[in-house]
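Input: a single structure, listed below in structure tokens.
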Amino acid sequence: MQTLSTEILTRTIRQRPADSYKGTYGRITLIGGNRNFGGAILMASAAAVYAGAGLVTTITDPSNQGSLHARLPEAMFADFNDLAQTQDLVKGTDVIVIGPGLGTSPQSLTILNNVFSVVQPEQTLVIDGSAITLVAQHQLALPQAHLIFTPHQMEWQRLSGIAIAEQTPARNQPVVNQLNATVVLKSHRTQIYTPTAVYENPMGTPAQATGGMGDTLAGMVGGFVAQFTNKTDAVLAAVYSHSAIAEELARTQYVVLPHQIIDVLPQFMKEHECKN
Amino acid sequence: MQTLSTEILTRTIRQRPADSYKGTYGRITLIGGNRNFGGAILMASAAAVYAGAGLVTTITDPSNQGSLHARLPEAMFADFNDLAQTQDLVKGTDVIVIGPGLGTSPQSLTILNNVFSVVQPEQTLVIDGSAITLVAQHQLALPQAHLIFTPHQMEWQRLSGIAIAEQTPARNQPVVNQLNATVVLKSHRTQIYTPTAVYENPMGTPAQATGGMGDTLAGMVGGFVAQFTNKTDAVLAAVYSHSAIAEELARTQYVVLPHQIIDVLPQFMKEHECKN
Amino acid sequence: MQTLSTEILTRTIRQRPADSYKGTYGRITLIGGNRNFGGAILMASAAAVYAGAGLVTTITDPSNQGSLHARLPEAMFADFNDLAQTQDLVKGTDVIVIGPGLGTSPQSLTILNNVFSVVQPEQTLVIDGSAITLVAQHQLALPQAHLIFTPHQMEWQRLSGIAIAEQTPARNQPVVNQLNATVVLKSHRTQIYTPTAVYENPMGTPAQATGGMGDTLAGMVGGFVAQFTNKTDAVLAAVYSHSAIAEELARTQYVVLPHQIIDVLPQFMKEHECKN
Amino acid sequence: MQTLSTEILTRTIRQRPADSYKGTYGRITLIGGNRNFGGAILMASAAAVYAGAGLVTTITDPSNQGSLHARLPEAMFADFNDLAQTQDLVKGTDVIVIGPGLGTSPQSLTILNNVFSVVQPEQTLVIDGSAITLVAQHQLALPQAHLIFTPHQMEWQRLSGIAIAEQTPARNQPVVNQLNATVVLKSHRTQIYTPTAVYENPMGTPAQATGGMGDTLAGMVGGFVAQFTNKTDAVLAAVYSHSAIAEELARTQYVVLPHQIIDVLPQFMKEHECKN
């Protein structure tokens, strides 16, 4: 097991090439936020925008349109009940993040299946939150794609069948291999599994233990993967950045709110970009 | 009568244990905010989030969904007219705050009775604002629970039957005992009654005399009680913090807005957490 | 004609008495903001809250409820089409501000007449913007109350019948006397008329020449009048503060946005409150 | 080809005359923002307000009303489906910006045609984003007016018929002459064409390569043209300011969000206004 350090940042966060445009930094589509959990997809979307993704579309319950644009005019909006439009948007994207605030209702399942039905092998698909639960509950076939899962321990138990107390690398690795995915297993010390290696994030603070942190991380993972060539490094850098920013803020705050991590992300990435 | 000091903060605001997660800091559900008074439940909810509560759900009029998430994506939303969903959410929570902006209409009463019908003895129930008025007006039976009331003097008159001019500790204490509750009696110098003691808050500034202050305090009380083991100390620390922050801001402001207190709460709590 | 100076501030902005509560600082109701001009009543309401008014209610088009609370949770909301509720709210208030973004449609006129029908002599009524135009167009009888008009020059022409080029103190004063009102005649150098005196505001900057400035001033006038005993001084202090803050901000800004004036109002008032 | 420098700013951004009012700084109407792309017209509108335009009206999908006022109370709102009201508003304005987030649906085309049908020769018409695509797709006749186009390279290809790789000054100029317009051709190094000259903007940073930058520039162009007499210089100064601010912010940020450029625009313009 390798322990992450700031080296993952300078290795991953390249200086932006002078002659680049929005498309250079990826198109990302985030799907989630039912009527009850709209804030989740707002935070995930903001994390993707502030990470530097080129073009961000949020596909969510129509009741979230106004609050999305009040907080984040940079994101485009679509109604997740419009299955045809969702398919078109998903097809034209590089990275898909599905799950933050999606819920586990029949409607949620319909939306998830609709997205899965059009994902293409060259796309990256980040499966988070209730989308993981739905995959596990309904034993959904996963689409061919670069798969990234971001479960907390209970969601990983649902997906892998491994009880929380038994989630060791030895037990986790075979399931990861079978999924042929990157798995960000969130806990006090988050571990990142790929089919060939395991990494541990040494950063993190109990000041982060508050609702919305996972949604924010999912959006950051999407934003990093959309921009940086090495997808594993991109995931690792996103996880490390998320916790490192929280630690920094926690020096002067008893609790760190997810939106505060998002707000300082552009500064943090600049400080840690590759210098040559 | 004991006078509060910063000692209540360092005694109460523990350093967060390294190995903790959202559940460690409590699930809190806030119910209120009709169509006219939506801002009240928004402020109460934000106070709970910024105090560090682990998971916050706001159950309110559906017209408040958008403004809630525009201000506070960290909170989850539910429609307070959906009585079954409200019951489910209340059952799964550690702390319930009911009253900020709830109103006193028949609809408000229905919602209050619905919540009271499912509260369990191990839960903490903070009864604020119009919920206090409804309890008094309709002589509602109180559920078995850790009860906290946060009345201003007129609401206390309604609940206790003691006229404002006669609200002395000697007169108040028997009613508090009968309620078997903690009572935060808000005034120029707020007093906190428990069945065994009375405390006075020496802090507070006339710059606080503006709409929404009580809603904010109710949310802070909920957020502190959700996190800290000694519930009486948690209430005392919330009351003291609320006024101490206001005094600090009032050095440079003629009026202190409730949302400004909320914004600096994470810093204030960090400064005053237990250092060992 | 007397020229205002900072002396009007220290004379008017009293130190808040220690033993005071929300009611001490007045109840103020602001009516306006149709579907097109919602921002106007939002700015007026925010100005009243940030000036320190005790309790602020905004009566506006229902489509403005969400944006009101997203910006200003401290204000209460009511639907201006609910004439009975509007009457109840207006009756229970100390100060009424009507006009910002009200529009001049038949609906606007109905709302204005509804408010005028319940205003009481001891109340202060600030008539601004399109409400002035409606009074002039329909030659409405004014209610018995402490009347304050805040017209720009064109609105004053409509109300007084005096063409802009001829709006001299000599011509204006008889109309002011007939109205038995305070008139804030907004221009490059705003003049304030009472039945007994004329004042000129020496402050102001072309950086203020942007939409929403008048709405903000109307709200500040309402907020000052709600708090300070001498109503003429309160109006003068509001006008002076509005321009003085703008001048300060204009040192580093090419244009000063109304909401920026509102944001710094609590600091400005603290700096200029009476020191003994 | 002339290369722009800060000289264009000090030449263009005049000190505001002391005796001026809102009308001095222009009425501007921005039309766009369908249900999916509401953020685009919010950013364009905010850019116009923060640039100092006197009066700003946003004509957009009604679902964007709340988020518009939550972010920007200074702007007035109208429903772009109300064709008669839109015509009235367009007629009474100095500058029209059409296109940000307008979309290319039949509804979008109806709205565009409706606006084109009432534009007058003395007005300035900024055609941006999907409005350019609609003009090209439907070969729309352009109204007589001071025309400004703000295409990116693909939109210019659609409008001019010149493939991106062949968009040289020699090829572009004849089309510009035929359009009798100013063309802001956005790319890594934006070029500005008038019938008599070509300018190149030396500023710009890859940190700007994110959604919403073009919408923001369109709003700034509108705001500058509304205020400054020499329309060509106004366009040049807007383009230069947009990139210069981004470069400044990019010193400490990995990505620069459009709304951040807007926020600092009043300070930037003050620093660079004509000093005599």
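Think of it as A, B, C and D in the order they're written, each chain with its own count starting at 1.
As a working rule, a residue touches a chain if its C-beta (ideal position, glycine included) is under 8 Å from a C-beta of that chain, and two chains touch if they have at least 3 such contacts.
Being a predicted model, the structure only gives us computed values, none of them experimental.
Residues touching across the chain C and chain D pair largely diverge in numbering: under half of the numbers involved belong to both copies. Taking the mean of C-alpha positions as each chain's centre, the chain lying farthest from the centre of chain B is D. When chain A is fitted to chain B on its Cα atoms, the angle of the rotation, on a 0 to 180 scale and to the nearest 5, is 90 degrees. Mean C-alpha position of chain B lies 34 Å from that of chain C. Centroid to centroid, with C-alpha atoms defining each point, chain A and chain C lie 48 Å apart.
Residue positions of chain B with contacts to 2 or more other chains are 66-67, 70. Residues of chain D that touch chain C in their complex: 13, 16-22, 24-25, 49-56, 65-70, 72-78, 265-267, 269-270, 273. Those residues of chain D whose C-beta lies close enough to touch chain A in the complex are 35-40, 42-43, 46, 63-64, 66-67, 70-71, 187-188, 205-207, 209-213, 250-259.
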